[in-house]
Structures are given as C-alpha cells and as structure tokens.
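Here chain A shows up in two complexes: once beside chain B, once beside chain C.
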Partner chain A sequence: MRWQALVSLGVLKGMGVTLKTFLETYPWGRGLLRTLRIPPTNGLVTVQYPDVKQQHAERFRYFPFLVYDKTPDDLRCVACKICEQECPPQCIHIVGPAKDAQGRPLKAHGRTFPVAFDIDMSICMSCRICVDVCPFDAIEMDNQYELSSSGRWEPMVYDKAKLLKSAEYFQQIKPAEASEVDARLAAKAKKAAPPPT
Partner chain B sequence: MELKPATASMATELLEVSLGPQHPSTHGVFRMQATLDGETIVKLKPVMGYLHRNHEQIGEHTTYIASFPFTDRLDYFCAMSNNFGLALAIEKLGGVPASERGEYLRVIMAELTRLVNHTAVIGFLLNDMGAFGTPLLYAFREREKILDLFEEASGSRMMCNYVRPGGVRQDVPPGWLDRARTLVRGYPLFLDEFEALLTENEIIRQRAQQVGILPKALAVSASVTGPMLRASGVNYDIRKVDGYSIYPRFSFKIPLGTVGDVYDRYYVRILEMRESVKILEQALKEINDASPSISPKGLALVKAPRTFRPPKGEAYGRIEAPKGELGFYLVSDGTPQPYRYHVRAPSFINLTVLEDMCLNHKVADVIIILGSVDIVMGEVDR
Partner chain C sequence: MNVSLDQLFVQLASALLGALPEWARPWASILVRIGVIAALAPLIMMYLTWIERKLIARMQNRFGPTRVGRYGLLQPLADGLKMLIKEDIVPQGADRLLHLAAPILAVVPAVLLFAVLPFGRNLIAADLNVGLLYVFAVSSVSSYAIFMGGWASRSKFSIIGAMRSVAQIISYEVPGVLSVVAVIMVTGTLSMAGIVEAQGARWFVFTPWGFVGFFLFFLSGVAEVNRTPFDMPEAESELVAGFHTEYSGMKFALWYMAEFLESFAVCALAVTFFLGGWQGPPVPFWALAALLAVLIGTARLLAIPLRLLGVAAMAGAGMLWGAEPVPSWIWFLAKTYALVFVLVWFRGTLPRLRIDQLMGLAWKFFLPLGLINILAAGLWVLWPFPAGTAASAILLLASGWCLVRANNPEPLQSRTYVFAE
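Let's turn to the complex of A and B:
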C-alpha cells in the first residue's frame, strides 16, 4: 500500500531535525538539548530588523560620497570626469572644472574643482567602479543604506553639497581603507613636493 | 433512468493554460504556455523575454571592466562565478596573467558560490514540491553565513563585483581565511542535517523519483550542462574537461546520477556540495599569503579601464558555473570596447529541454521539473 510507505523512518528522521531546530530557538530548549548531550548547531539567527540592526562588514558599500580634507571647499575632486565616463549605469553628472570670466581654471587649495557634481541615487548600482578608477581618491563608498524617500528628483539626485563628507568620517566608517588611502596620498604629496634646498 | 459513467466516447477538448509569468513557482517572470488534456501536459511552450535588459548590447558600449557589475545581475545567486567567467575571457583576449593568490581566491569564491547556489536551489525545489518554508529557510540560514563572508571580502552580499582579470579587486581582509576555514569545516554538518531532513524522506522519494526523466542522449544533443547533465549520467564537468584556472591542482570527484529524474538532480547537487567542500579545504590549505591578490597588469586594468585595448581577435572564456557551462565570448577590434560580447547562459540552454521532460506528466509535476532545472530569469533573458 502506498500510504504505508509514507509514514516511516525517513519522515520521522526529518521530523527529528525540525524538532531539534525548533528547540534551539528557545533558551529552555537549548538547556534541554544540553542536558540530553545533543550538540548545538545554530540557535536563533534572525534579528528584529528596525529595532535591532546587524553589524555590517567594514567594506560594506552602498552609495558614493565625495571626500574633503579639512574644510568643505577643500575637496579632493578636481573634476577630471573619469568616474563620469567609467560609471557603468552612467549615474554621475559633473559640470566643471570651474573657470573664471576669462576661461582660466579657478583653483581652491591648489586644485581645480567641479561646479556641480550630481549622482542619481536611483540609478547608482553600488558597484564601486568610480572608487577604483579615481586617480585622486576623491570618491569613496558610504555605508548608509536607509536612503528611501518619496520623491523621484529632489531627494534622489544627490548634489555636491549633499555628497560632501569629511576625511574624518571616512576614517571613522572604514579605518582600514582610509589608512591605505592616506598613506598613498602622503606618498604622492612627498613625491610632488620640491626637493629641499 | 440509467446513469452512465463518464466514458471515452465523451467529447473532450484540450485546454490551454498560461502558467506564469507572475507566479512564484516560475522562479521569476517566466511563462509556460501549457496545453492540457485533463491534467496531463500534451504541449508546453516556454515563453521568455520578460526580463530582457539588453546585457550584451550594453557590454558592447562600455569598457571591458564596466561589464562586471552587469554580470553580477545575470545569475544573481552566483555573482562571483559570473565575474570569474568574464575575467577568464578577458585574460585570454588581452593576455593578462593572473597572480597566484588571486587564482586561489577566485577558486575559493567560485566554490563558495556553488555552495550558495546549490543550497538555495534545493530549498526552492522543496518549496515547489510543497514543503513550504522549512527546507528553504534552513538553506537560507546557511547561505547567509557565506554571504557574510562575501560582504566582508567584496563589500556586497550578492552583487559582489569582486573578481577581476588577473586576480581579485582587493585582497581579503585579515582573518577572512580563518573565518572561511571555520565555515568550510562546519558545512558538512549542515549537509548531514539537510540530508537527514530530505534524502531518505519517503514523501520526497514518491514525489520526485521517476518524474521528469531527461534521457542521456537528449541531454547531450540539447547541449544541457551542469548538474542536470550529470544527473543524467554524463561525466562532463568543465573543471575537469577544460582544467581552467588552478582546478587541475585539486583532487575531487564528479558525482553522477543514474536515472536523470528530479530526485537525481537533487541528489547530485548534494554530492557536488560535498566535493566543493573538499576543493575548498585544499584551496584554503594551499593558499599562499605572500603573493599579491592581483597581477600588475590586472591592477592597471582596474585602475584605468580605457587604456586596455586588447589586440584584434576573439576569445571564449568558460567556467563550470553552479548551473552549468557559463561562457563569455568576446571579439575585440582593438578599441577599449568589445566589438561583440556574447554570454552563453546555462539556465537558458538547460531550459530548452523543459517540454521534453514535462510531456505526459501532470501540471503539478511541471512545477517541480522546472524547479529542478535550476533557472534564474536574470540569466535566461539577460
């Protein structure tokens, strides 16, 4: 008979697994399993999301930001437009570098700078290619991820003011990567500086 | 009045039923135009294209590197191995050597991806069979641990965008390899638990055995690859046949099925995961800490994608992705963009035998046969 074959050893064994997993999600159940000397495996693995947040990895990336060094006008970006060109979904839009009335490039802290730097958050796919290609380490990935909003244009298109974040902030969220970048920039500054006379 | 039983003389008609495109059991936006005689399938036409995103054309208009994040979105369960396939094709095309440590890291990532994919697909298959939730959530619990490792290494759980021609984009963070070793050591325990739950379960055996048999000859002639082909008993695995990357250094077996039904396709995946664990153990033991994670030429390519102008010619890079042979065909005309970029997607080609497997089965069997094919619509439609 077909039904006899159904309820037998294999099914009972499977039910044993589900029972064990069920018990492991409760403190008393874990105690019971300990008393019976059954080795524990997983326990409860989920968290109650908006109330409890899981720690994400240091490298976790979500949306780019522009790094400035000391004051917000001292940004590392020189408006070379490499990231705009290489961005796979083409979500970066740069106007610049800034020029004066005669068409000569304006400089702030010895560098050219962009007039406008917009990133469309709804198009960005968090791939990190802009960070890889930037020769000046001016753009980095942020780890803020709760960026939803109800409007399409105003809140979603991040302009220069909204994208600017300090180097200290970068150091704070990604210490390993930031130290690497700082070392690279220091080496570059040393090379560029005129030899002492 | 005499009541007559329903007889064969009764005039019946065939019924056309559209399964999908908006149905959870079709694994994405996929439609099956089924013609039914009662509940038996007499004709089944797969309708696809709902998720077409112009992947190949986009690839022909961007640099070689800029295609990587798009390959993540082909088979979004296996971002790492998709990257790996394209990286191999670019390496062949442009003559980019790979660093030793990079090769090991790529193989580790690819095998972890195989674990992710096979655990998830078994969970989904059981979901299709009606074991609602339990096996799938067990599978996802384990998958999450591997995704945490991916996040630590690449910064993203699923859209990793990590493997590059010449190695990997960044070296893994300190302590990552030890965490990976711990995970790999614990994985067989989970597989034992999973098998205790499923393999000998009589209900699953009754449900899946002798359903959706794919004959060996048909599997070969339809160029089906991956676990589906091996479940039909054909010993063909690109890791052995082609020996790409550093796979010839590892010892592992190719598990084969005998019947080629849904149950074999389930069980071959379990066995493949055990072999993957073996490869991972060897790779994590042999990995060399000294060499850089990417070769200098690869690093130059990552930093300045537009300077990479491969010589005129063509290259085909292929890997044994969890779903089958994943191939990337590139034609270069000497510019930074490929002249032609084509993806040989295993999900798409494995789907071509769907009708042959489903004929003369019931509607409910179609759902589990489709589940056992292991498709991801992102890869089928591209």
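Let's turn to the complex of A and C:
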C-alpha cells in the first residue's frame, strides 16, 4: 500500500542505516553494535595517503621499462620496432638499430641495439600491448606511480637511460612474472645453444 | 569564593559592570550583550560547518577534514581565508547594489534571532515579553533577502531558485507558527524565558500535542533554512546552486553563514519550545567532568602533555563545582547540538523532495495537522490527566492517519518488460 511511503518508515530505516555506518567508524561504536548483536561491516575505508600507502597486487602496472640482464649495455631490446608499430597511441619512438659507417648493423653482446628509445609517458595508457608483442621479453611493466614532474612536455618523455632497469629489479617487483619470463628465456637459450658434444 | 558554574557568565558580567560608573552601566550592558553575540555567532557557524563535514563523512565511511590542524579543527579558518581572497564576480547587467545587499540582509535576521535565545538561566540577551513574536517576525525577513539575491543575479537558475525558495519559506512559516500556537495556549506567555520555565515539571515534547508540535516545528524549521531534504532551491544537481549561483567569495560566505546560523537558531528554538530549554535532570556536575576527562584522556591524536592538561582542567572543574547540578547552559547547548546532529543525519541520509512534493507536504499535511494540534492542546488543557491526554492523543493519531491516507501518492503503474526474441 502506497501510504507507507508517507508514514516515514522508509525514512527511519534509512536513518538507521546511516547511524549504523556512523557508529561502526568508531571503536566504541563497534562495541555498542556488537552488544546489540548487529554485525558491523566496513568501518573507515580511507587510506590516509601519503602516510599510509595501499599495497597493490603483483599484477598492478603503470608505465613500461626496458630490461637489461647484467649491465645496462646488455639490454634485451634489439630495435625490431614491433612495439612502436603496435602501440595504440603511438607513444614509443625508436631510432635504430645502431649501424656503422657502411650501414652494417653494430652488435653488442651478440645482438643489435637501439640508438634511442623514447616513450612519451604523458601519452602512454598502460595497455601493456608493447609487453605482449615483444618477442624478446625486452620491455616489461613497472609499478611505480609517484612520477610527478616539473614540466608538462619534455620531462615526461623518458629516454633509454631512464627506461633501463635490471632484471633483478624486475624479479623484485614481480617475482612470479619474472620467474616465468626467465624460465622461458633459459629454455630458448638452451635450444639455441649447440648441444655439448 | 562563591562562583557558581551555572551563573558564571552572569556573575562575570555583573562584576565587569560593577567596576564601571553608574551612568555607563546600561550602555556597557548593551555593548557586552551585543559583543558576546557578535563574537559567538561566527564561531558557532564555523564550528557548525566543521561538525557537519566530520559527521557526514563518518556516515559515509570516511574521515572528514583531518589535515588542517588536529582533527581538522583549523579547517573553518582555512575556509574563511579562502572565501576572503576569492575574486568577487558580479554578472553583467546584474543590479550591483542589490547583489551586494542581499547576502548582508540574509545574515542580519539570523544574528538578530540570537538575541532572544535563552542560553541558560538568566542568560538571555534580551528578555522580551514578546520574544516569540519577535522570532517569527525577524525570521520572515530572510525571504526578502533570498528573493533579492536571486533577482539581482540576472540568471535563470538564480531566479527559479529564488522563487522556489520564497514559496517554500512562506509555505512552511504557516505550520511552524501554528505548532507554536499550541505552546502559547498552554503557557499563556510569549516570553522565551517564561516558556522555558513552564517546562520545569515536564518538557512539552512528552505531551501528545507537544510531540506532534515538535515534529511539525522542527521539520518546518528545516524547510525554512533550505536544508536537506528541503534544499531544492539550492540543489546542485537541479539548479547549479539556485539563488546563490552567481555569488562568489565573501558574499557566498555570508549566504552560507546565514544558512548555518539560522539552522542553529531553529534547533535552539525547538529546544526552547518543546525540549525544555535549559531545564535538565539534576545530574551532578562531577559526572560530566569525569566523562570529559575520560574523552580527553583517550583522544589518540592529542599529545600526552595536552591530554594531561585537559584531564587536570576537568579534575579542577570537578573539584570546584562537582556537587552542583550540571549547569543550565550546558544542557541547552547539549540539546541544541543533539538536534544539530539530527539535521546532519537528515542530510546524510535523505534524498531531496521535489518542489511539488515539498509544497504539498506543507499545505496538505503539515497545515491541517497544525490546526488539529491546536485543538488537541485545548483538549489537553481542558480535561485533567488522563482523560485530556488520552483525548488529545487519540485525536492526533486519528487525524494523522486520515491525512496520510488522504495524501497518498498515485500508485505506480506496474509494467511487464519482455525481452525481444
């Protein structure tokens, strides 16, 4: 019957809900609710950043970085430019592979390498497509997000030096994914290396 | 030294005045009262905004302001500074004089109302014997200010908001006054102090007509000050900001101040008329001092020396005045702030009424109920307990039921939705 809308039962029930929410944000309020046998639910859900930072799952990603194995010039990237082509907002700019005066590709640690590798972080949308298409596991997603800069344009373009981070760093931030990548690379290396005679 | 906590301020004032020559005393008395109200009113308004923000936040599972000072207590000062330094924009073609005058005219009645509030025993600034008439006369001026403000802004949102607000205010004045007529009938006086003193035996809210009267007066008061659920004239989702859309900086701060001061005044008036004013049960003061000492001592965010200072102050107060009952002004403020909590609770819970629902509630429900409430009060006075109480209770319940049935909204059409194959 519709007259119940005006008799304020709904209003009183609603006010009961907000009162319960109010009380369960205080410890004494939770005690009071427990004595009345009303199970308290959420309480305060605010994470007081920056004093307290929220812990993220391992899969949390923000911007990409380039992986190197032991030294920064031993980077896995061979400048194949697949990520540059596949990036949807086209924020990756690669100059390379490095060539000598005659136009023959230069090699470091047995691989070609890019001369310049820029990612414009003000455009990057963290879609992870560059990571998914890289055949060499050379680019991975980082989880740092406190990256404010003092300029709108130039400081937001990360060059190769700023993007290079070690494989140990990758293992530290994403152990499960890094272990899987390392296993895959080790299996590939075993298959490529000639069997010991 | 015989300083009673209940009459502390009265005795301080008379000591101050006693130090002055005879001819200066009346003028100094006036200046003291005006000065206290002028100092208290902005302070009350500032910390009312703090209370509202913290309470609404807690009802929404979050903290309120916490950064600006411990517990966010300096937030109102930051807000005031922000309002002061904002650019004052007046729309092109707006009436500049009215645009400036309207917020000022809105604050004036809000502050004038404080002159007749009985804050405690012997603690009224102006003990008029027509205090109640003064209250309703002065609070009606705010509708002028709102319409001036909306009209002078030369903006469609402002005009619609102003018209809705004026319609709402004048509609809700009628049931508000009618609910208080019952109080006047029973007490026979229009004086605020007289009404409070008449509730020494029993607060009026515990009588059938007083209960309904309190409900009518409080809700009419909520509608008068444009608070949720009656805040359609200033609703952000409907009208940008209604009549105060085109105001910025200090002028907006004055509108805001007028609204908060009037909501405090509405709560204080409801306490005076129905909840016994500064009367309270004879609880000894040491109980309150002990409670405050426990609260201060367990406040986790305060530094330990500060907490010890607070506990020591409460202990000192308890020792000085422990045997006396809790002072009258503390009862008044406690009851008023309890009603303020209810106002904030409404705001945190209820969606707003549409303008037609709002007006329908005033004219079709509150007004008839107010008239019947007067009859019920008459029956209560005519026959002694229990016949009078029973008669008025039955009359009010029956008429309330009939009004609710008469006001039921149209039943919603029931529709069956079928997915296309």
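The rule we apply is simple: the second predicted complex is superposed on the first by the 189 of 197 C-alpha atoms of A that agree within 3 Å, B and C clash if a C-alpha of one lies under 4 Å from a C-alpha of the other, contacts with A are read in each partner's own complex, and residues count from 1 in each chain.
The rule is simple: a residue touches a chain if its C-beta (ideal position, glycine included) is under 8 Å from a C-beta of that chain, and two chains touch if they have at least 3 such contacts.
All values reported here derive from a predicted model rather than from experimental measurement.
Participant: Looking at the overlay, does A:Val45 come into contact with chain B only (first), chain C only (second), both, or neither?
Facilitator: both
Participant: Which of the two, chain B or chain C, is in touch with more residues of chain A?
Facilitator: B
Participant: Check whether A:Ala186 is in contact with chain B, with chain C, with both or with neither, and answer first, second, both or neither.
Facilitator: neither
Participant: Let me test your reading of the model: by the given contact rule, A:Phe22 touches which partner, first (chain B), second (chain C), both or neither?
Facilitator: After superposing on A, A:Phe22 lies in contact with chain C but is clear of chain B.
Participant: Quick check on the superposed pair: does A:Ala108 touch chain B, chain C, both, or neither? Answer first, second, both or neither.
Facilitator: Once the two structures are laid over each other on A, A:Ala108 reaches no partner at all.
Participant: Looking at the overlay, what does A:Gly14 touch: chain B (first), chain C (second), both, or neither?
Facilitator: Both partners, chain B and chain C.
Participant: Could you list which residues of chain A make contact with chain B in one structure and with chain C in the other?
Facilitator: In chain A, residues 2, 5-7, 11, 14, 17-18, 21, 42, 45 are touched by chain B and also by chain C.
Participant: Which residues of chain B touch chain A in the complex?
Facilitator: Residues 62-63, 65-70, 72-73, 134, 138, 141, 144, 148, 151-156, 159, 161, 169-170, 173, 189-190, 193, 196-203, 205-206, 302-306.
Participant: Of all residues in chain C, which touch chain A in the complex?
Facilitator: Touch residues, chain C against chain A: 55, 58-63, 66, 345-346, 348-350, 365, 404-405, 407-411.
Participant: Taking the touch rule as given, give the residues of chain A at its contact with chain C in the complex, in rising order.
Facilitator: It comes out as residues 1-3, 5-7, 11, 14-15, 17-19, 21-22, 25-26, 42-46, 48.
Participant: Enumerate the contact residues on chain A facing chain B in the complex.
Facilitator: It is residues 2, 5-11, 13-14, 16-18, 21, 41-42, 45, 56-61, 85-88, 125-129, 132-133, 135, 141, 176 of chain A that touch chain B.
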